[in-house]
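Please find one structure pasted underneath; my questions will follow.
As written, the chain order gives the labels A, B, C and D, with residue 1 at the start of each chain.
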Amino acid sequence: MKIGIIGSTGYAGGELVRLLWNHKEVEVKWYGSKSYQNEKYGKIYKNMFQLVDDVCMDENIEELADKVDVIFTATPQGFLASRLNDRILSKAKVIDLSADFRLKDVKDYEHWYGMEHKAPSLLFEAVYGLCELNREKIREARLVANPGCYPTCSLLSLYPLIKEGMIDTSTLIIDAKSGASGAGRGAKLEQLFCEVNENIKAYGVASHRHTPEIEEQLSLWAKKKVVINFTPHLVPMNRGILITAYGMLKKEVSYEEVKEVYDSYYKGEKYVRVLEKEQCPETKWVEGSNYVDVNFKIDKRTKRIILMGAMDNLVKGAAGQAVQNMNLMLGLPENEGLDLVPVFP
Amino acid sequence: MKIGIIGSTGYAGGELVRLLWNHKEVEVKWYGSKSYQNEKYGKIYKNMFQLVDDVCMDENIEELADKVDVIFTATPQGFLASRLNDRILSKAKVIDLSADFRLKDVKDYEHWYGMEHKAPSLLFEAVYGLCELNREKIREARLVANPGCYPTCSLLSLYPLIKEGMIDTSTLIIDAKSGASGAGRGAKLEQLFCEVNENIKAYGVASHRHTPEIEEQLSLWAKKKVVINFTPHLVPMNRGILITAYGMLKKEVSYEEVKEVYDSYYKGEKYVRVLEKEQCPETKWVEGSNYVDVNFKIDKRTKRIILMGAMDNLVKGAAGQAVQNMNLMLGLPENEGLDLVPVFP
Amino acid sequence: MKIGIIGSTGYAGGELVRLLWNHKEVEVKWYGSKSYQNEKYGKIYKNMFQLVDDVCMDENIEELADKVDVIFTATPQGFLASRLNDRILSKAKVIDLSADFRLKDVKDYEHWYGMEHKAPSLLFEAVYGLCELNREKIREARLVANPGCYPTCSLLSLYPLIKEGMIDTSTLIIDAKSGASGAGRGAKLEQLFCEVNENIKAYGVASHRHTPEIEEQLSLWAKKKVVINFTPHLVPMNRGILITAYGMLKKEVSYEEVKEVYDSYYKGEKYVRVLEKEQCPETKWVEGSNYVDVNFKIDKRTKRIILMGAMDNLVKGAAGQAVQNMNLMLGLPENEGLDLVPVFP
Amino acid sequence: MKIGIIGSTGYAGGELVRLLWNHKEVEVKWYGSKSYQNEKYGKIYKNMFQLVDDVCMDENIEELADKVDVIFTATPQGFLASRLNDRILSKAKVIDLSADFRLKDVKDYEHWYGMEHKAPSLLFEAVYGLCELNREKIREARLVANPGCYPTCSLLSLYPLIKEGMIDTSTLIIDAKSGASGAGRGAKLEQLFCEVNENIKAYGVASHRHTPEIEEQLSLWAKKKVVINFTPHLVPMNRGILITAYGMLKKEVSYEEVKEVYDSYYKGEKYVRVLEKEQCPETKWVEGSNYVDVNFKIDKRTKRIILMGAMDNLVKGAAGQAVQNMNLMLGLPENEGLDLVPVFP
């Protein structure tokens, strides 16, 4: 199978290249890059020196669709929506790592992203690519919207309890922490080493674009409109997302009852690890891998449950989940290319 | 004025030494250290090489009280409570950086700290040394309990709104993030560079000892029992605490109304900086200084207010506030030795 | 094939476990650990949670030799020398990640390591496991001394030019820089996060134990006694070694001539990448992989050549090279389990 | 006294502002900034929020000279040389933190910096502002060239031994390591957090512009042309420079002899600390302060001496030394505003 990547020289694109290099059934044939066209890929990403000899290509998705079986787009918001059409989808499957096709509600998209959606008719065809939940739909899909990094970690941490109706969704708060690679590889002042290092801050408070994405999924599960607080923070590390979520329990439950719910929902799920009692997820224990580690703690004093999830934002939060989606779409073993053992330390 | 420090070779003790070195009215005469007795202080803390020529002393507080005017204790829980008595307090003022005298409620102490309190009769004499709130009592005190790092940052961020009754205290959640120096200088596996670096995790979930300390103060202000969720996280940086707090607003308020409350409460307070609109506090902007930077954001969608505070845990969260307390107790200008400009980057 | 690891819970041991998990021809059957005997491996190294279900065993190498085909020892100096014997070697192949069998000269060992060598008779059987140089001997070996981290990086960077006699070996200086994992997982004060972070220092100046190891190999190649300066530095990062070496060129040479020497020596060597002109090796570009990236720069002004090499100290500098040695000893493809793409960022 | 800073919003400029804020005899009246003109300084450098209320000005040095007594220029190469003239110098003293007036040899400047020098006639008036060596000339100067960061650390580490002729200068090699703030605050890809963090590399090998600056001073002291190797490395930390220098001793000397030379040269020098035997300088122990910590180790095996020096690149390597120069030029106590205790951890 032949693969094309548009946006292969961003951090998520680079991670796709790393993962696909060890994938046995596919081969990357097109390394698209707006910034580095005609330069050798292995000179931009020197980890790939001697591993990838290709030269970067342009971002012509029409041409690309003729040449490959699957297209990944790791591109700025609006790029794919302004170019995608049925002709392309009839020739190649598309997995979009941008936010263009994640929200079903066009108004939400236009409100939170501040731009018109250029392909609203494709929104209903697009499948939200959270593999553990939408596996069957993804197998049939031509167009998959790869979930955002924060939503992936948040949703997999919350899913069993929301689905079971154990939490009062009106009390949900997600306090999230991410490493710097989530901001991408653009040369911005606030991403300089000296500005990020030895520092922590919140950003996008009450306004981050991943909020409606999380809310849309939660609302589907809860079968009512869910509105939450979501606050991301920038942590001085390269990779990793940790979410800490808070919610009121609807009724008193024991550790064992909640554990059983988690275990039953994630039984057989290779990439979601429900930790043992009292173990708090740490991003270092999943770094470089496709795992999400989740756990919870019940606070009897406040009747709240604290949910925690840790994940590598570039793997399960981006490229890894994208490959998992690709495997499903192509009928390959879901874990092909993804047996990545977390790198510690 | 003469100063003695018991526990001068921990991180908080070391910071006290750094701050007092530039203090014009006092001089450290006793560098107490359990681990490094008889060793040169400047050899343990090489930043002080040639600045401090003294040799470390033992921790005999009875003897020390005869020799100095003020004693700082930066010692493990239980140390001071098991040694302090009226005789010592009649000879020297004591500022305790441990938790021994922070909680008025002995039962809370014994429950959360898991040890008997050996000097309960002194609890009512002890003044909780949050300078901005208890300034007058501190001036008269013989014994000041220097607040914990997380409580200092949390309480100063929350104070105006709790005092004004603007937040439903039953909904309060504090999600806190701290650098590694907060864990002290003990040689523990989980504090090794490779374990902390490139990692973030929650710890002490629903069980951290700073919880009752925060709750006791909040309850005083709210004039009713307040129970909260408090979740600390370990961030890969040396210094700094950031708190992000969430609460339901009791009624709709505008940015300007809340800003005015903050401004009026902290008018004239040198070490609390209420930031401008949309500025999120960052720990790097206060590093090495005695400032707490606070701000807030109203989320109209959820009717919650998000409060943020940033502080250097070793300065305002420990040694700096201790010096501020000392200045008050000795009738010195409150800012003597504390005109520290934050170090950036 | 069955594998036993003694010292599986140090950082090098943990990396062995990570690499062998994806190895198709072998399986780890014995996770030896002095500190964590009887504890679940996946609880010590939580990256392996659900991947390794085994419980840690003791360090009885006699018993182990009966059960496995290959034994890795990632143990303190002196451990293996005091236990190894012909009986063990007749039952299992041994790959030693400690320094016990690296030096042929017992006097050097006893001088630099400050301990008696308990198995000098095995020294001549032991093969120095620098795969690229000693491939054929390794294939036949029962006992391989896996090279030290600094020596691996230094020797592979220097080899072609020393072998060709292009450098005046009396002028050789190696200035090395390493991440903190090289110091192991012991709970030592000087390895605490706050002591290593935001800091750089030299250590072991003119006395580091890797000096005689480097010198012994260089002397073999140069066919005369070589004495060098070797200075390691501790860098605030988890993984990676960079060496910068300096030597006088014996005669004027061009970039192209030196490049040709490097290219001819390392032609076909998968794990040594000779970079392109003007590219300086960076540890980040090899992180998590078995590559050593090398390059050089000729300084016409001083007639010196500056050699640079970058490597992951836990992979090519420890566990990766050990697996490479194992593959050779077992007649497996040399790259089995080692097709690790460097992780960036 | 009134001060103007051109380039006040770079990292060195920001550090000048921090240091001068606590200086008792001077006041900054002009915060020049090309990028942030008309913006509030405390909004760019939020550490200065509420401490500096001024708005950034332009970079008109002619106008500035009428308004202040001392001008600091922390500007790109070529800026000052293209604007400075006798009229300006007759009105205000100038301390230049760029390289424009550091080299006496115009040809060297034009060769290494690749630009024409626009004010060669002022080169001979300019005093090289290495305070410990040129104190008397600095007192009389109108124009001081503040030394580069690497040269300051290198030269103070080497000075006594070169001056005493103890080292064969033809064998000198300086291997230097610096934190990221040395690269300035420009938004460049290679300075992004994810590119610098968890990484170390050499750069500017055999071509760094600080080479001729170091050589010119060494040549003066050695009374002959000295040519060296100088290799800087980028270390993942905000602040700090460490140099490790190597040279052949001309004759056998003891530790005590060399120590005595250092002690006698630096007796009474407040900002150079000669460490005790076997102590290796570490950047963390001088962070935030004006100290340079130096030490050495004799290697009898190779007859080389290894010299080490650690310094904060933004203080003694830039703004601190500039303030020290200003104090000398204005006849103030040399340490005014510079009694900064190193911040640890």
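Note that a contact is a pair of C-beta atoms (placed from the backbone, for glycine too) under 8 Å apart; a residue touches a chain by one contact, two chains touch by 3 or more.
Here the structure is a predicted model, which is why all the values come from computation and not from measurement.
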- [ ] State the chain with the largest centre-to-centre distance from subunit C, centres being mean CA positions.
- [x] B
- [ ] By the contact definition above, name the pair with the higher C-beta contact count: A-B or B-C.
- [x] A-B
Task: Chain centre separation in whole Å, for subunit D relative to subunit B (CA means) - done: 36
Task: Between subunit B and subunit A, distance of the C-alpha-averaged centres to the nearest whole Å - done: 38
TODO: Round to the nearest whole Å and give the separation of the Cα centres of subunit B and subunit C.
DONE: 46
Task: Two or more partner chains touched - positions in subunit D - done: 11, 181, 194-195, 197-198, 236-239, 282, 284, 287, 345
Task: Of all residues in subunit D, those that touch subunit A in their complex - done: 11, 180-181, 185, 187-189, 191-198, 236-238
Open item on the list: Please output the residues of subunit D touching subunit C within their complex, sorted ascending.
Closed with: 171, 173, 175, 177, 179, 194-195, 197-203, 205-206, 227-229, 231, 233, 235-240, 242, 244, 246, 280-284, 287, 297-299, 301-302, 304, 306, 308, 310, 345
TODO: Give every residue of subunit C touching subunit A within the complex, in rising order.
DONE: 11, 14, 18, 21-22, 43, 45-51, 181, 198, 238-239, 273, 275-276, 279, 282, 284-289, 293, 339, 341-345
